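Shared between the two complexes below is chain A, which has chain B as its partner in the first and chain C in the second.
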Partner chain A sequence: MTKSRLGASFGSLLRNSTSIIMAAGIGVTAAFATAGTAQAEDASVKIGFVTFLSGGAAGPFGVPARNAAELMIQSINSGAIPAPYGTAGVGGAKIDPIFVDENSKQKNADYLKLVEKDGVDMVVGYISSGSCKAIAPEAEKAQKLTILFDCGTPQIFEDIVTDPKYTFRTGGHATMDNVAAARYLQQQDVSLDSIAGINQNYAWGQDSWRDFSQSVLQLKDGATVSTEQFPKIYAGQYGSEVSAILTSKPNVVHSSFWGGDMEAFIIQGSARGVFERSKVVLTTGETAMHRLGGQMPNGTVIGARGPHGDLAPESELNDWFRKAYFDRFGTLPTYPSYKMAQALLGVKAAADKAGSADQDAIIGALRGLEWEGPSGKVTMALANGHQAIQDTAYGTYMYDKDAGKATLVDIVRFPAECVNPPAGVTSIDWIKGGFQGAACD
Partner chain B sequence: MLTAIAIAVDGLGFAAWLFLSSVGLTLIYGVMRILNIAHGGFYALGAYSSAWAIGLYTATGSPVAFSFLLIPLAALIAGGIAGLLVERGILKFMYGRDEVLMVLVTYAVFLILEDVTKLIWGTESYIAWQPAFHFGTVEIVGIPYTVYKFLIIGTALLVGLSLFLVLNKTRVGKLLLVVIEDREISSALGINVTLFFSVTFVVGAILGALGGAITAPEISVSPGIGAEIIVLSFAVIVIGGMGSIGGAMIGAVIVGFARAASVHLYPPAELFSIYLVMAAVLAVKPYGLFALAESRKI
Partner chain C sequence: MTKHLDRTEIGLLVALPLLICIAFVLPKWIVNYVHVSMGTGLVALGVMIQMRAGLVSFGQGLYFCVGGYAAGMTGKFLGVTDFFVLLSAGIAAALCLSFVLGFLLRRYREIFYAMLSLAISMILFGLLSSTEELGSTDGFNLPTASYFGWSPTGETARLTLYTLTCFIAIGCAIALNRFLKSRVGYVNEAIRENELRVEYLGTSAHNAVHLTYVVAAVVSAIGGVLWALPLGHVDPEMTNWTTSGQFVFVSILSGTGNIAAPLIGTFLLEIIRVYAVELSPNTWQLILGSVMLFTIIFLPKGLWSLITSKQKSSKKIGASAPKPGE
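Right, the complex of A and B next:
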C-alpha cells in the first residue's frame, strides 16, 4: 500500500515555534484531508507474480499464466469484469504488478527480494511443485501473503506447512486430479485390471502416481501395477520407457507429464502404438490438445487439473474470460490461464469482502472463502481454509478432421467433495481408507 | 528373452542419439582443449531450425519424404552460421587462455544462444512429427519400433565412420591429429593451427546442431532443451575419454545400455545408472576409457 509521509511532516511541525502551531494545525488537517482523497484515488496493491518466463515450462504454462495475469490486472483495475466483480480494483486498490521468472536456481532469494527489496504486498505464483515446497515455509517465515495458484503436490499443507497463516493455494491439488481420473475410467467401463504409470521423478509426478494407483487399487479389486516409470523431468527421450510399457501390456497408462515432456511422450508413444494398445490418461492433457490437434490420439482421456478450458461450465464469466483472452492473445486460454484468473478473482473477492487490500484483511477474508471463477465455484475448504477445492471433470479426446477441431466427448463432472479428502484428513489416508465421506451424487 | 531384446534395441537407439549429441563436444575438446558448454546452444539451434523448417514445409502439403533433407540442411545452416560467428566473434580472442576460463566463456555463449533462440522462435514449443511417423514401425518380438529410430542409428554409424575415415585416411585428418598431438610443434612445422581450430569448431557446432535437428521430429522442441543435453553429453565423453571420437561412441553405448537395462529391470535407478557407470569407469580409468595420451611438458 502507498503510505503517506504525513508522520514526518507532523514531526517537523512540532519543532517549530508555538506561535505557528495553530496555523500549522490547520495546514495539517488540510493535508490529511488531501492525502486521504489522494490515497483513495491512487491506492495500489503491489503484487509479485512468479511464473516460468523461460525454460521448458514457459510456453505451455508460464506464459499463458502471465498473459492471464496481464489481462486480469487490466480488467480488475478498470472494473471491466462481469458481476459480481464489476467494481474497479481489489478492495479499492489498483494492482501494481512485478513479474519474476520462476525458472531460477535461487527461488527463495528471488522471493525474499520481492518481499524485502521490492516491497510487494503479496506474491501470487508458482507452477512447479518443487517451487511451492521451497516457498511455502519461506512465506510463513517472512509473514507475507502468498497465493500458490497452480502447483499440485498435496504435500504443501499436509507435510510442509501444516498450520498455514500466510500461504494459500487457490487451485485444487493433485489428489483431486488423480482420484477423478480413476473414477472416470471406472465410469467409462475401462478395464482397470492392469495399470502402468509414466510420471516425472519429482514431487508432482510421484504424488500423482501414488494417488492414481492407490485410487485404482481401491476401486478395483485385484488390480495390478504392470510397470511404474519415473524418468527425469525434461528427459524428452522415452524410447525405453515406451518399450517397458508395451512389454508389460497394461490396460491403462497414467501420466501426469506436462509441457514438452507430455508432447514428446504423445509423439513417441502414439508412433509405437501405446495409445492403441492401452487406454492412456493424461491428467494435464488439456494444455496440449489444441496445439497437437490430429496428432493427439483419439480416445485419450484428458484432464485439465480442474474444470478448466474445454471442461469449464458455461457462465457469463467464462464466456467473458475466453473472449477477452482470445481477443488479446489470439489463442484460447488453457488451464494455467484459468488458474491465474481464479487466483486473482479470489484475491479480489476477499479484498472486496473485507473492504480493504491490507494483508491482514485479505488473509482474514480469504480463509474459508467461496467465490466464483471462470471455472465455477471455488471453496477454500481444506488446511484451515487455506487450500481450495472445486469440482473437476474429465473427457475423452476426439479430433474432428473435417472441421480441424479438437473436442472432448463423454465429459463427466465430479463434485469437489467426491474427489477431495475432507478437512483434517490427509490425501493418502483418505484414499487408502476407501474415500470415506466422499459425496459423489 | 523379450526384455533382453528390448534392452538391446532401446539401448542401441539411446546410444545413437547420445553419440550424435555428444560427438561435436568431444571433437572440439580433442582439438582445441575447450570444454564447449555452448554445445547445448548449438543443439537447441539445430532442433529449433529443423522443427521450424519441417513445420513450414509440411504445411505446404508437399511430400513428407523430402522433409528428411531439411534435417541435415537445418543443421548445416544453423550450426555453420552460429559456429562461425562464435568462433570468429569471440573464441579467437581467447585462444591460449586457461581451460577453466574457456568453460566460463562458452557458458556465457550458451546463455546468449539460449536467448537468441527465444528471440527467434519465442517460448512456444515446436513439433515436427511427420518424419518420425513417415516410415511407420517395424515389430521386433512383438514390440513396434519406429523406422525413424533405425535411421538415427544409421546416421550415428555414418557420422562415426566418416569422422574415423577423415581423421585417419585423409591428409587433412592426419594434419589434424598432429595438431591434437602438439599444437606448438604443428605451428612450427607450418601448419595453420588457427585455421584448423576454426574449421574444427564449426564442424563441432554443425554436429551439435545435427544432434538437435535429427531429434526434433521425436520430441517437443521447447526452451531449455540445450541445457539438458550438456549434462548427458558430458557424462558420455568423460566415460569414453575426453577428446576421443571412438571413446564417445563406446561411452554412448555404455550409457545407452545401462539406462535401457535400468528402465526395464529396475526403473527407480534409471538416472542413477548413468552416473553409476560413469563413477565406475572413472574409478578404474580416471581419464576415461580412451583418453588421449598427454605428453608431459617441462
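Right, the complex of A and C next:
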C-alpha cells in the first residue's frame, strides 16, 4: 500500500522552490494573525490551567482537577466560598481561565504560548513529575508566576530550581506519603518484619517504593524485603506478581498504583487472598474507594497523598467544598480536586493579603504564606517559602454494608514536620539518616 | 552528480535568512514552535528518506531519543555544555548504534522492517524507564548550551541556539537532497520498485539500505539534540511508539515529494494542534484526527501534492507532451 503511494509521489520530486516559502509563509501568517488579540482586561486575572485532559492520567487526575478548577473559579468570582474567602475575586480581580491539555509532546512550547500569546498572569498546573521538571526552569526563564499543584517529585526544588523566584508548589511532595504510610503501620502495631512492594515501573512507582522501604528499614530493625514487583504501567494483569507476593508471605504489601491499575490489582489480588494474608497499603487508594465500594477489602490501609478527601479534617470549608462539588459533578471530590482547590485558595489568600492580583504582589505574599485549604492548614515552609508542607493522614478501609457507603476508620494524622524533611535536606538523605529533626508528637 | 544547486536547494538557501529573520519579527511563542519543529522535522526527514526505499520505520524515535540522551548524558555526567560537543556526542552515539543495528535491519523489508525498528525503539524505552539514575520516565534536564567557551544567557542564548538550529536544519536538508540525488538515492528508488532486479544489475541492495538507515539515524539524532536543547529536558517518551508514529504520520501527511515537505508539514501540524487545543481543550484530538483523515482522503500523496498538482495542470495547458520519469 505504502509502496504504490510512494511510487506515485516520486514524480513530484523537486519542483518549485518559491512554493516552499509560500507554504511556510501561510503557516506563519495564519499563526501571527491572531497573535496580538489576547490582552488582559481591567480587574481580571488570566490564569492558564494545565492538566491532563486526555490519556491515561486524565480520568483519575486531570479531569477531577479541571472540575475543581471550574468550581473554584466560579465560586471565587462570585464570592461564594465560606470565610475567610468570602470576598469576590482574587485581590479584587476576577479569574479568567484558559485550559490546556498537559498531554502534549511540546510542553515547554505550549507553556510559552500561554505566557506570550495568551498573556496569562499565572499558570497553575502540571500533574506529571516529568512535566514539572521541564516546566520549572522554563518558568524561571520566562519570569512568570507558575504554581505546580500536584506533581510529586522532590527533585524540583532540591536539584532543578534551587533558588526559585517564580515557581511555587502548593502540594506536598511524594516523600510524605510513604513516610507516613510506614509510620501508620508502625502505630497500628502491624508487623513490619517482612514487606513486599508492587509498584509501576516508572519514576513514580520506583520513588514511592524506595521511600517506603527505606522508611520501614529505619523504623523497624531487622525488617526484610521479601519481594519487589515492578510491572509496567497500564499492565492491567497482575497474575504472576500476585503469585510472587503470595509465595513470599510478606506481612505488608505496599503499592503506589493509581487509576485502572490499582483497581485491577485490588480485584485480582483480593480474589486470590493477598488482602487477607497481608496488610495492604494503597498510597493513592482514596481515589477509588467510593467507586469500588464493597469490592475493596476491609482492612486495607488507604492514603490520599495528603489529608484530602475522606481523610480531610472537619471544617466549614471542607463541608462546603464536598457539597458544592457533589452537587455540580455528581461524585465526591478526590485528592486531585482537593489539591487544585488548595492551589487556587493559596493564590486567593496571597492576592487578598497583598490587596492586588499583580504578579509581584502575589509572589511576595505567597512566599512563606500559611493558609487554610479544604484539607486543613498549608504552609509554604521549604525552598525559601516556595514548597508547601501540610499534615497528612492515613486510615483503614471499612465498607458499611447497610448504608452501602465506603468509610475510613482508625484515621491517624501526622504533623507536617513529622513526615517532611526539614528545609535544606534532600528527602532520601533524611530518611536514610533516621528522620533527623522529625517532630512527631 | 550535479555540482549546481537545484531549485529545492536554492529555495532552502533563500528560506534560511527568512527563517532567521522571523526570530526578530514574529512573537516569541511562534518562533519557539518553529524552533522545536525543526528538531522533530529532521526526524520526519529521516523517516522520509527511508520511505523512498519503500521502508517504513516505526521506530525512528529511537535515534531521536539516542541523540537527546547522548547530549544530555554528556552534559550530566561529564559536565560538558559546549553545543558542538553535545551535538557530536549525539551524532556519534547514533552512528555507532545504527551501524551495528544496520546489519540486522538491512535484511528485512516491509512490515518486518517496520516491526523490527519499532521493537528496538521499545527496548530502549523499557530500558530507560527502569533506569533510576537517568530519572526513569521523568527523564532529566540538560544544561544551557555554551559555544566554544562563550555562555550567553537569556534572549541572546535563545537567539544563538535558534540561529544555529536554522543553519543545521537547512544544512541537513540540503545534504539529504544531495543524498536522494546521489547513486544510493537512485538505488533506493530502484529497491522500492524491484529489489531483485537491483541485485541482478550488480548493486548490493543490502549496502544501500544499510547506508540509508545510518544516514536517517544520524539526521534523527541531530534532530533529537536540536529539540532537546531548547526544551532543556529529555525523557523516554522520545522513543515511545506514539512519538515514532507521529513522525511516520507527518511524513505521510506532508508527502515524500520534496525534502522540504516534512519540515513544513511538522510545523503546520504543530500549529494546527495548538489552535485545536485552544479551540477545544477537551476534544482537540478530534480536530487533529479529522484534519489527518481529510488529508489522507483528499490528498493521498500528502500536502506537497497541492503544490505539484497545481503545476501539472498549468503545464498541461501549455504543452501536453508526456514527461519522462513520471
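Some observations on this one:
In this text, the second predicted complex is superposed on the first by the 399 of 441 C-alpha atoms of A that agree within 3 Å, B and C clash if a C-alpha of one lies under 4 Å from a C-alpha of the other, contacts with A are read in each partner's own complex, and residues count from 1 in each chain.
One rule holds for everything that comes next: a residue touches a chain if its C-beta (ideal position, glycine included) is under 8 Å from a C-beta of that chain, and two chains touch if they have at least 3 such contacts.
Note that the structure is predicted; figures quoted are calculated from it, not measured.
Residue contacts after overlaying the shared chain place A:F329 against neither chain B nor chain C. In the superposition on chain A, A:T227 makes contact with chain B only, while chain C stays out of contact range.
Once the two complexes are overlaid on the shared chain, A:A264 sits against chain B while remaining clear of chain C. In the superposition on chain A, contact of A:S54 is made with both chain B and chain C.
For chain A, the partner with contacts to more residues, out of chain B and chain C, is C. Once chain A of one complex is fitted onto chain A of the other, the partner contacts of A:N201 extend to both chain B and chain C. Looking at the shared chain after the overlay, A:W320 reaches neither chain B nor chain C.
Judged by the document's definition of touching, chain A residues 53-54, 201, 230, 232 lie at the interface with chain B and also at the interface with chain C.
Looking at the complex, you find that chain A touches chain B at residues 53-56, 58-60, 62-63, 103, 201, 227-232, 234-237, 239-241, 243-244, 246-247, 259-264, 267-268, 271-273, 291-292, 295.
Taken in their complex, chain A has these residues touching chain C: 2-3, 5-21, 23-24, 27-28, 30-32, 35-36, 53-54, 98-101, 104-106, 108-110, 112-113, 115-118, 128-130, 133-134, 137-138, 141, 153, 155, 160, 201-204, 206, 210, 230, 232-233. Touching chain A in their complex are the following residues of chain C: 6-12, 14-15, 18, 22, 26-30, 32-36, 40, 51-52, 54, 56, 126, 129-130, 132, 135-141, 154, 177, 180, 189, 192-193, 230-233, 235, 237, 243, 246, 252, 255-258, 260, 264, 267-268, 270-271, 273-274, 277-278, 281-282, 284-285, 300-305, 307-308, 311, 323, 325-326.
Chain B meets chain A in the complex at residues 2-3, 6-7, 9-11, 13-14, 17, 114, 118, 122-125, 127, 129, 132-133, 137, 143-146, 148-149, 215, 217-225, 228, 259-260, 263-264, 267-268, 270-271.
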